[in-house]
Structures are given as C-alpha cells and as structure tokens.
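Labels run A, B and C following the written order; every chain starts at residue 1.
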Amino acid sequence: MSPISSPALHAGNSPYDRLKALGLTLPPAPSPIANFVTHIQEGHMLYLSGQGPREASGYLYTGKVGSDVSVEEAYQHARLTGINLLAVMQSALGDLGRVKQVVKLLGMVNAVPDFADHPSVINGCSDLLIDVFGEAGNHARSAVGFASLPGNITVEIEAIIALKN
Amino acid sequence: MSPISSPALHAGNSPYDRLKALGLTLPPAPSPIANFVTHIQEGHMLYLSGQGPREASGYLYTGKVGSDVSVEEAYQHARLTGINLLAVMQSALGDLGRVKQVVKLLGMVNAVPDFADHPSVINGCSDLLIDVFGEAGNHARSAVGFASLPGNITVEIEAIIALKN
Amino acid sequence: MSPISSPALHAGNSPYDRLKALGLTLPPAPSPIANFVTHIQEGHMLYLSGQGPREASGYLYTGKVGSDVSVEEAYQHARLTGINLLAVMQSALGDLGRVKQVVKLLGMVNAVPDFADHPSVINGCSDLLIDVFGEAGNHARSAVGFASLPGNITVEIEAIIALKN
C-alpha cells in the first residue's frame, strides 16, 4: 500500500473531516455535457463518467500538457478533476462514508506526443482520493496520453468505486 | 436521467419493437479480428470488446475526425458501431430483453489533436442505445480522442452491460 | 472461442506447467511508479493497473510504434507486458490457479497517427495469456493507439480478471 503523508488523514475518521482539514468544499456535481449520465450504480459498484478540470463557475482548464500546460499546472487540474469526481459521488450516494474502496482510475492526459510524465499529473487526483478516503482511497490505475479531449481540456479521469453493503 | 425524445421509445416495450420502429435490422455479430473474443460474461456482467463502424458487407469507415471526417459523419459511424455492439449482445444473450442496464461506454474517436467535440460524435451510439433500451440504455461514459485506431477506423466503442438475473 | 495452437497448452493442466513449457520464469511484480497500487481485488474481481514492457532489470522499451519500433518488436513488448501482468497476478493471488477467467484487456499502443495494426501488437499479450491459461485466458479486448505513454514506453496494458470462489 502507498505511504500516506498528508496531515488530512489524521484530522478525523470521516471523509468530511478530511475534506475540511484540506480546506475543500465540494461543488455541485457537474451536469453531463451530452447524452449520458454522470454515474451508474450496478450492485455495489459505482461507475463514474469521465470528469474534467471544471471550476464551480463552469470555467474549464484547456491546452496540451507538455507544451501549453506544465506538469505542475496539470497536477492541479487532476486534483480539481478529483474534486468533481467526489462531487458526483456525493450526489450519487448522499454520503461519502458509503465508499468502501476506490477500485480503478483511468487517468487521461491531453498531452503532446513526446510527453512522458503522466503519472505525476494524475497523482493530483490520486493524492486527493487517498487523503480523503485513507486506505479506502488506494486504487489501481492507468495514466496515459490522449490525442485530444472534449473541449480541449487538459485532463479527464473516470473511476470505478466499490460501495459498502 | 437524460431526456429521451425519440419516437422509438413509444413504439413498444421490447428492444425489438424499438429496433423495428427505427427501421433497423441487426447484422450478424462481427468476428474478432485478432486473438480475442467479442465478449466475456462474468456473473451478471457482460464485457464487450471494442467494435467499430463496420457495415454488414465488411466495409469500414476510416479517417481522422476533424479533418477527413466531419462530426456529422462520425456521429453516423458511432451509431453504426452501436448497431454492431447490439449485434454482439444479441449473439451473446440470444435475447436483448435480458439487458438490465447499459452500464458504461468508452467512446474512442480517431481525431486530430485539436478536435474538441467527441461528445457529439459518441452520442451517435448513446442515442441509439437509449432509443433501443429506454431508461435501461442510460449509461456512464467517457468520449475521448485517440491518436490512432485499428485499420484507421474513425470510431471504436467498448461497453459494459448488466444483465437481468 | 479462439483457436489455440501453442504446444504450451498441451504441456499440463496448470498455468505453471504451461509457463515452464514456454521457458518462462515470472519476475517479481514491478513496483508502482506513482501514488497507486498494482491491483485491487473487489469481491471475486481483480483489477490490474496498467503494466509496461519492463525487463526484470528495470529496462523499459521505448519509442513510437510505426516509426521507431516495428510491429514485430512491439508484439514482443506486449508479450513482456503480459509477463509483468502475470507477475502481478502471482503476487496478488499467490497461485495463478485461482484465475477463473481473464475478462478484459485494454491494450494501449504508443503509435504514430497513421498506425493501423494495433491488434497484431496486442496479440503479444493475448497469445501469452491464452497459452498460460487455456480457455480461461480468452478475453474481451480493445487495442488502440495512444498519443503518448509514461516514460515513452511502446505499450501499456491493463486487465480485469475474474477469480474462482
């Protein structure tokens, strides 16, 4: 399992305590931008549609990582994407305490062809989920480069979440 | 849930009534083009391999969306891809009425690097599945841009389907 | 189901007999290169993080398939990636005999924009898994082209595996 160094983990036992310790407030879940839904729950598995680096105002961070956008900026965009995934979980579940395990992320980076540091970018989301959920935030993952993303956003991430019975 | 405007939904309660109202006949399921199978059922989940815009004749629509191929053309290719996914479901299940829920699509668009309208393309498949299955067709989704696809096809889509017990 | 021509299948009934017939020894499971884990088991499903063409020495095969790297070379890289996926399964499960079915692969090829033969590349992994597991190695799959991959590796593959009860 991954080492967890953030003070957030020690701030309390609930995801809400940890969000508070991180100074984060969840926005409303973004509405789908086309003919799909933000999530489907099937049995005790929750499948989340890809989310992007969208501010609560609707502003989207755009550009190619590795040229227009630095790794450090893209890390923050992946973190913001993680906040939006949390917002969808909150909307879907009513209680983030129902999350048993973050199972799998697909981290999609809108990158130039010679970009090589996708893992450092997607850590922006992974670090957040582990800070918020502790061990239950540990997940399998691929973090890879896409030729283009909707609206030219820098990062998109989809997730599979297991729920407590 | 997404609004559903197609008359197909009102044509009857079965997926076959809806296919008929849409004027659609399912082709045979395409054969795999390499060392894999078109689907694996595990428990009540059906995992479908990526399908493409293949006519029953074997003709494949090819090219880069955003330069060679317009969004409107690619929408039709995504719809044709959806027909092939339905053909695989029919072959796998024997009865489309066994579909409980379309859970998740990964919509892959073979697009130029500045392409931004992947959601409109993949709606070609999403609209079809919702027309055919009604509420059971609603799904989580990512619709994103790939650098290249097999045979230079314009669109490829894979799916996870939940089955009735 | 796919035809299986390798002599490995006839060498015995266990995955270990087949690995031996293939002359393969599994390396230790590679360590994650960022803040994620190599696998998550949820119920009887095992989700594997993307693995790459990494030699036990740590050496990574890099470059763009279709220009720097040939299909034949990339096939071998996909096979090596499959060996690393097997190494993770061994580490996760303690016994490859617990694998009920390889359910789904996502085969990611770091390819030039006009590359079209992704299926032949990813067969390097698919052929290996079918050789090692027999019918239980048959899987659903997508094999597609990515704009870039971590460390500029040629191939990355993630997997979903079903386990025996």
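One rule holds for everything that comes next: a residue touches a chain if its C-beta (ideal position, glycine included) is under 8 Å from a C-beta of that chain, and two chains touch if they have at least 3 such contacts.
The structure displayed is predicted, hence computed values, not measured ones.
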item: Chain copies touching (subunit B, subunit C) - same or different residues, decided at half shared; value: different
item: Superposition rotation for subunit A onto subunit B, Cα-based, multiple of 5°; value: 120
item: Whole-Å gap separating subunit B and subunit C, where each centre is the average of the chain's CA atoms; value: 26
item: Set of subunit A residues in contact with two or more other chains; value: 113, 146-147
item: Residue ranges of subunit C touching subunit B (in the complex, touch as defined); value: 1-2, 45, 66, 101, 103-105, 109, 111-120, 122-123, 126-127, 130, 138-147, 160, 162
item: Subunit A residues touching subunit B - in the complex, by the definition given at the top; value: 32-40, 42-43, 47-50, 64, 106, 108, 113, 146-152, 156, 158
